[in-house]
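The same chain A turns up in both complexes below, where it pairs with chain B and then with chain C.
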Partner chain A sequence: MSATGTSRLAALRGSNNEGVLALILVVLVIAMTIVNSDFLSAGTLFAILRSSIVPTVLALGVLIVIISGGIDVSFPAIAIFSAYTTVVLMRGSGIDAGVVLVLVVSLVIGALLGLVNGGLIARFKLPTLIVTLGTQGIFKGILIAYVGSRYIAELPLGMRMFSTQSLLTVPAGGENTSLHVLVVPAIVLCLLVNFLLRNTMFGRGVYAIGNDTEAARRVGFSVMRIQVILYVVAGVLAAFGGVLHVTLTRSANPQDLLGTELDTIAAVVLGGASIFGGRGSVLGTMLGVLLIQVINNSLILMGIPSAWQRTAVGLLLVIGVGVQAISARRSSRRVFAHREVVAPA
Partner chain B sequence: MSSEEASGSSGTGDAVPILEARNIVKTYGGVTALHGVTLRLTAGHVHALAGENGCGKSTLIKIISGAERPDSGEIVINGVSHAHMTPKGAIQQGIQVIYQDFSLFPGLTVAENIVLTSAVAEKRTLYSRRQSRPAAQQIVDDLGLSLDLDQEVERLSVADKQLTAICRALINDARVIIMDEPTTALTHSEVQRLFALVSTLRARGVALVFVSHKLEEALQVAQDVTILRNGELIISGPATDFDRRSISHYMTGRDVDESRLVNPPRYDRDPVLSVQDLTLPGAFENISFDLHAGEILGLTGLLGSGRSEIAEALFGVLRAESGRTIVDGKATTIHGIRDAIDAGIGYVPEDRLTQGLFLDKSIADNVIASSLERHRRRGLLDARTIAATITEQFQRLRIKAPNVEAPVRSLSGGNAQRVVLAKWLANGPKILMLNGPTVGVDVGSKEEILTILRAQAAAGMGIIVISDDVPELVSVCNRVLVVQQGRISATYSGDDITPEAIQEGMAA
Partner chain C sequence: MTDQKTDESVTRSTVRESNRRVDSAVMGAISRFHLQHGVVRMLVLTLLAFAIFTAVKPRVFLNPLNLQNIAIAAPEIGLLALAIMLTMLTGGIDLSIVAIANLTAITISSLYTAIGATDAGLAESLAPVIVLVGLAVGAVGGYVNGLLVSRVGITPILATLGTMQIFNGIAITWTGGKTLYGAPAMLTTFGRTVIAGIPALFLVLVAAAIVLAVVINKTALGATIRLQGANPVAARFSGIRTDRTLTSTYVMSGLLAGLAGILFVSRNPTASADYGSSYVLLVIVIAVLGGTNPNGGFGTVLGVILATLTLQIVSSGFNIIRLSSYDYAIAQGAILIIIMVIDQVTSGRRRRTVPKISDALATPTES
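Entry: the complex of A and B
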């Protein structure tokens, strides 16, 4: 194989196997279409996109944390805490505020909760899994005990306005099928996070810390500051996801989202982010979320009990991590083979 | 080679130093690491900083790079005095340290690794991959290197990783580059390439500090030499005033014997290990040799020649595809490490810190880690024999530590190496293979480790030393095999074992 051929192939594969993932997604869609000819339709497409909105936004926060070499399991708690508290505050104060205020309030709450995570992790150098496991319990407890445990069906006007808005509507088999308008903020956030990670020094710092914290410090990155900021950003993204979730379900339920960690983390890891830190991309994460949604959707279409969905996603997570470990071992062997050729010269 | 031109061009003594660390004192909780040490660096000179482990070299480097603050003393850079440095301040002043582990980011590309430091130093907020690339390309071209800028650092060879680290140091207009043990991971030809690069840097007026255990190498490139011992400045002067012997004398405070000293092996008996046509395609082919009791066999070759893979196959880490291994006259199949240990083979790996030791465990736990079988009685571990073994090994190998409960992480390189040795000796192997037994170990410890090997051989053990440290091979080996591209290309024995012959054989 020529050198350019290999590199073109490598470019197509993507630095985090995004190409492979896209291929799997296409194969899966084709397979599902063969099994069930109803699968490939605007309706299914729009349904999958709609169900991907919240997971995508939550996954963006998890992606940043995983690239930095950490893991976050508190994001569903932050998401529902921020969104639910905002709804309660808006109702309590009697201000039926617009969407901007709703967003600002919940994002500030998300940022503060993220700050708690970041502060504990950066200041005391604690393991991220344990810290976020702890704060998850704390946030959940405070929410139920002090903010409320009731299901709220009456949302502020700002949220209600968007609940049933469509971006575009196409006729499909007699009735119309619509794409929800909230895919727009999800895509905008993807672009923003992509820019943040690739084109800012903060983003480079996140990768640097994930690669080698000590080396990042030696190069001059302020590791503590970057860590605090990245957990604040993750908190903000979680809160955004929470608001989107409440808007989409047209109700605020403090028990929602909790338990979705598995799907989200699996999506990020399948999307090529290394669980060891230092690697990952927004594109990969988007594909990972889509893959999980397509699989969940397919299982439903095939009439497989929902309990098996959890098994399938869990299996995917393990496979994703396994592939990473194996390819890491492969690439170390490649170095060896490379030396073998070069050394005698 | 280059010392004459240096003293000719600038005159070592009177040149204005670009950086001077004056009377640096540093104590750690009552223990004095540096007692008023002074280091003067001249532009365009290589300054060799030598000393045994724990002499204060690393502390001095940390103080110059701002990682640590001195208790007293000053750092004068271009005539401006600083009470201490900060990591960022040091980088802005053009001081760069290339750490032994390179401190690179494996998941980022070569170009990103090169430009990231300067981007941080410039306090930029945005980063553009496309705009950074030309700057990286510039440095690589300036130094006449061929590095693939878009390759991830993870996939580079050790030598290329080091070149990346050097490029990164230079992009900030470094005026002082401190290299911590730059040659330990490099082969002979790679070291020569590094030295050529060092001359280029000198011509640009960079002051270099070379921290090295390898004395000839230090003498080969350095114009100035400073030697520390126990935190004190022993001597500092032009490199022409030193030779290998005097440096090791100043470092250790005694004369170190490096002459060839070998015991006759038991050639009269059958070999303890006989390897016949061992082959693993892509790694080594048709490897055949015998090892006798009491023999120390050297296995050398460039890094990547297959020398380590042969040992790994004999220890069951890799699985040879064909060939026969005969231990003590019995054909033995080695498919895993367990098989090798059962056959009486021990292996001290190359990277002792990650492969050979449980760093956070005590010396005692490490010593018995591979010999649990031997210390078992009725299915349970026998505390008494374990204690006996630990005490015996601790004393025999003279491990310098407060007690056997000290964690291995707290030990110096030489002592950590002795713990690995103790671990294998505790198992009483018939055959012991050591990969780079004295890499990163100071001269004094090195001599002691070699003495231990000689004693073990005299007691009837068969020993294989895998190394590219030629003086070491000459000093202990009865026979030396040279591996080239996976095949044994030359064998030396007896009086044929000379540094020149082996160098020749490796480079041929």
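Entry: the complex of A and C
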């Protein structure tokens, strides 16, 4: 094969295996269509997109943290804390708040909670998993013990008005199926985070400290400042995800989202982000989330009990990461016979 | 005049001499204290928690029934914490332990009811076999983790995240999401047995802890496990079979999880796929609180046991003073972060001051 041929193939494959993921997605969709002709329809597509909205936004925050070499398990707590507290505040103050006020209040709360994470991690150089494990308990506890434990169905105007809005409606077999309007903010956030990671100094810094913190410091990045900012950004994204979740479910339940942290991390890792930091992309993450949603959806269509979903995602994760690990080992053996490299490349 | 001066200088030098001696004695005491730093700190915390709740509600808290309840609830969490501590010693982690424990409990419960449906007496007499099969399920789960980590080379946190989902998925499918009832009478009576005021379940934890402490501290395998975590490269270059060490570590962790699963059904003759879903994070908190270094190489069994007891005391005390389980979640998180911050601040200071002394001695006695 010619040199340009391999480079074109490498470009198709993507720097984080995005091409491979896309290929798996396409194969899966084709296979599902053969098995069940109902699969390839606007209804299925819209359902998958709708169920991907919240996981995608949450995954974006996780992606930034993972690229920086950390792990965040507190984001579901931040998400539901921000959204639920906003609803409680709005109801308490009697303001039927519009979109702007709802977003400002919840995103500020998310930013503050992210600041707690970032401050502890950057100031005391603590392991990120341990810190976010601790703050997760604290946030969840404060929310349910002191903010409220009740399920709230009356949402402020800013959330209510979007709950049942559709972006477009397609007639399908007698009844209409429609695409929820909230895919728009999810896509906008993806583009924004993509820009932030690829085109700003902050984004370069996140990749740099994920690759090698000491090297990043010597090059002149302020590691502490980047870490604080990135956890604040992750907090804001989590809060946004929380608001979207409350809007989509048309109710605020303080127990929601909690316990989904490992599923989201699995999606991000499937999307090609390295758990050791320094690698990962927004496109990969979107594909990872989509893949999991497609699998969940197709298992239902194939009549397989939804209980197998967890097993399927787990298998996918182990196979995906395992293949990466083995290929990384092989290539490292080729280059340095003695180097110990287990990092998925 | 001159006499006085020499006198003064003599006394001054003797004072300096005795000062130095006192200093070195204190330094020696402090360094010995640091050796057991994690354990001593945990002991202080355990006693502190005990003292606080005794002072607040002595009648209810010191009630034998309450103390027994603590001793009955602690063992399963303690076993899981020991399992995760063991994997942390090698620099890894095992997120799948709760899923493995549930799988063991489900195996025992469903085997017992299946055999009992045809012959109740046979099911009862086969109880020891059923329990062993349950334990074997734990070992197999651990072996799968071990293979993924050592042979395939997947990072432990991802490998066990994946197997957690797989084991949990199998458990959900198996039970259909429902709670299974039924456990061998042998187990349920064992769960109620009290020996000299101490519940038998607690003695299981004590026995497992002693065995694990011996394995970690007195055997060759234990030494390789600790070296693997402290310095994987050195471990490899000193000829240690890394893959074997890791595989046996995860098998042991799976066995401990299986044992915890046996305790699940002994306490309550039920088994379900989602039992103890909050335990995963709780046992990480306990392991770290007990002085385990999540990056590997350091951790003590005693520290983990004390941390388990402390959190159980706090949980029970919170119950007595009518604080919710969410207040307990806040306390858990706050304790974890405060301990980590204190550790970081003091270890930073130690690192800055210690080199002067150790440079002079130039003989590192302990690492």
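Criterion: the second predicted complex is superposed on the first by the 327 of 345 C-alpha atoms of A that agree within 3 Å, B and C clash if a C-alpha of one lies under 4 Å from a C-alpha of the other, contacts with A are read in each partner's own complex, and residues count from 1 in each chain.
Just so we're on the same page, a residue touches a chain if its C-beta (ideal position, glycine included) is under 8 Å from a C-beta of that chain, and two chains touch if they have at least 3 such contacts.
Quick caveat, the model's predicted, so the values are computed rather than measured.
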The answer to whether chain B or chain C touches more of chain A is C
Is A:211 in contact with chain B, with chain C, with both, or with neither (first, second, both, neither)? first
Per the contact definition in the header, classify A:219: touching chain B only (first), chain C only (second), both, or neither. first
Figure out whether A:199 sits in contact with chain B (first) or chain C (second), or with both, or with neither. first
Both chain B and chain C touch chain A at residues 340, 342-344
Spell out the part of chain B that touches chain A in their complex, as residue ranges. 67, 87-88, 91, 97, 99, 103-108, 112, 116-117, 119-121, 124-129, 152, 154-157, 187, 282-283, 302-306, 484-486
Interface residues, chain A side, partner chain B - complex: 15, 198-205, 207-208, 210-212, 214-221, 274, 278-279, 331, 334-340, 342-344
Taking the touch rule as given, give the residues of chain A at its contact with chain C in the complex, in rising order. 71, 73, 120, 124-127, 129-131, 133-138, 140-145, 149, 259, 262, 265-266, 269, 275-276, 305, 307-315, 317-318, 321-322, 325-326, 328-329, 340, 342-344
Can you name the residues of chain C that touch chain A in the complex? 95, 148, 152-155, 157-159, 161-170, 172-173, 176-177, 232-233, 236, 277, 281, 284-285, 288, 294-295, 324, 326-334, 336-337, 340-341, 344-345
